[in-house]
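Note that the chains are named A, B, C and D in the order they appear, and that numbering of residues resets to 1 at the start of each chain.
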Amino acid sequence: MARPDPWQLNAANYPQSLLTPTRFQDMDPNRHLNNVAFASMFENARVRLNRSLRPWADRPKNERSMVAAVTINYLREGQYPDDVTVCSGVSKIGTSSYVISQAMFQHDQCIATCDSVIVCRTDGQALPLRPAVVQELEQMLIKRD
Amino acid sequence: MARPDPWQLNAANYPQSLLTPTRFQDMDPNRHLNNVAFASMFENARVRLNRSLRPWADRPKNERSMVAAVTINYLREGQYPDDVTVCSGVSKIGTSSYVISQAMFQHDQCIATCDSVIVCRTDGQALPLRPAVVQELEQMLIKRD
Amino acid sequence: MARPDPWQLNAANYPQSLLTPTRFQDMDPNRHLNNVAFASMFENARVRLNRSLRPWADRPKNERSMVAAVTINYLREGQYPDDVTVCSGVSKIGTSSYVISQAMFQHDQCIATCDSVIVCRTDGQALPLRPAVVQELEQMLIKRD
Amino acid sequence: MARPDPWQLNAANYPQSLLTPTRFQDMDPNRHLNNVAFASMFENARVRLNRSLRPWADRPKNERSMVAAVTINYLREGQYPDDVTVCSGVSKIGTSSYVISQAMFQHDQCIATCDSVIVCRTDGQALPLRPAVVQELEQMLIKRD
């Protein structure tokens, strides 16, 4: 739960960006965007990034990608009904896992960041990432400025 | 819980329209949009319509609008990650309440309709709608074709 | 969207009752239970009632039960973190559909009711309820006092 | 996002335990408990722990506690409609912040852990924890076995 790095706060560094309207149900009793709503919006952008990786489409039947860990840093309060933009990319490629890093922006300010460890596995066992997957992930790397 | 009227299924009849991207969390175990997600998206469009009525801004302190009843008709299954469009308008103006009617569209088909009874009240008691509110609501009436 | 009948407000009339703790995320900006949270809690109790009907277990593969319509009447505001109790039963058995009626109680007061029309169908077509299903549904009828 | 420590996986180490029934809406398209549902259930138990700390009741008006960061480790898939138990306690007390650590159990197995950094602050500025708060937090410390 270290603080986010400076490169993570710059929208221009990310390969993907998703405009996300907020919903009334995202608000909490303090009239700000709820912590769990942040998690839901980050998840949605993460799923869309994962689906844009082509090799997942023809993956072996016993191969699955699973979320092993998610860390969210809450930097500022979010407002309804203003839109947010969720930027997403890959920040690390390991042997059998990779990290998707994300940042959420509202009114040009970063209000939260998110890091998710995705593991590739067959039932119950970690699996090395296939070269075709690694190649796609490399196209999604976040720039470090 | 009568079936929706034909005028309710025509997007062109509604004064307001809200493009709503779906979220991964909206999906249910059958891989369609969840019934409760429909409720959440209808609520969001309803709140935005209510907020666009100017007289609410300078309302008397003891006046509140409350949702008394909501009926949703589920007509077709909804898909993720495809966007939906929620159309909203006023279908009935009563003495102390009004009805917001809505329809949700995906791929040019109506997948659900929603009718919400909104009552205007002070603490514990129904209150006649102020003329300024009625006037605004009349601008939001849905066309009957 | 008629008002609930008196028999619907009496917890003793229902064959099933589900104690449901509320969650922080159920609260809305007015610090009461959110309308959509009501929908989520009613849905959960409805699914559990449907699952308790044995003939669903050995249903024909092309037979599905689907929610066609849901009406919720909001009677009082709900509080967090207080528990609610959701009472559920069958209020009507038709040819190819049935109605599940529910009531939500908090501090011994009914705060909302819900009526859901469930249709039994194969792909795209309404299907008569099988006698075994009707028999089970009859065990779940709500008492009218 | 380090792996959870062994002491974190033992329910007996935590001062608080909250039985949490799962809801149909917690399920994802893979028919397991959704990642965001985990976040919602952890949040609910965390709020209840925070509310059980008495000094928050008579806190200075400009003092707020805010969630600065949340890390969830997903260890096993969760099932609906089975209950989960969320165990919560304090794992670290800093100068102006503290860490709530939690573990979620289902069928006597730990299926996820969560660490949340809570900061105490006035508007825009970190604030040292008051001695009365520290004293309460010390009563909530998790045992390290």
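Worth pointing out:
Just so it is clear, a residue touches a chain if its C-beta (ideal position, glycine included) is under 8 Å from a C-beta of that chain, and two chains touch if they have at least 3 such contacts.
In this text, all values refer to a predicted model and were calculated from it rather than measured experimentally.
Comparing mean CA positions across the assembly, the chain most remote from chain B is D. For the interfaces C-D and A-D, the C-beta contact count is higher for A-D.
Chain B and chain D, compared by their mean Cα positions, are separated by 36 Å.
Note: centroid distance chain A to chain D, computed from Cα atoms, is 22 Å. Each chain gets one centre point, the mean of its Cα atoms, and the points for chain C and chain D are 32 Å apart.
Of all residues in chain D, those that touch two or more other chains are 24-25, 36, 40, 43. Taken in their complex, chain D has these residues touching chain C: 19-21, 23-25, 40-41, 43-44, 47-48, 51, 81. Those residues of chain D that touch chain B in the shared complex are 24-25, 27-29, 31, 34, 36.
Across the interface of their complex, chain B is touched by residues 1, 35-36, 39-40, 43, 66-74, 115, 117 of chain C.
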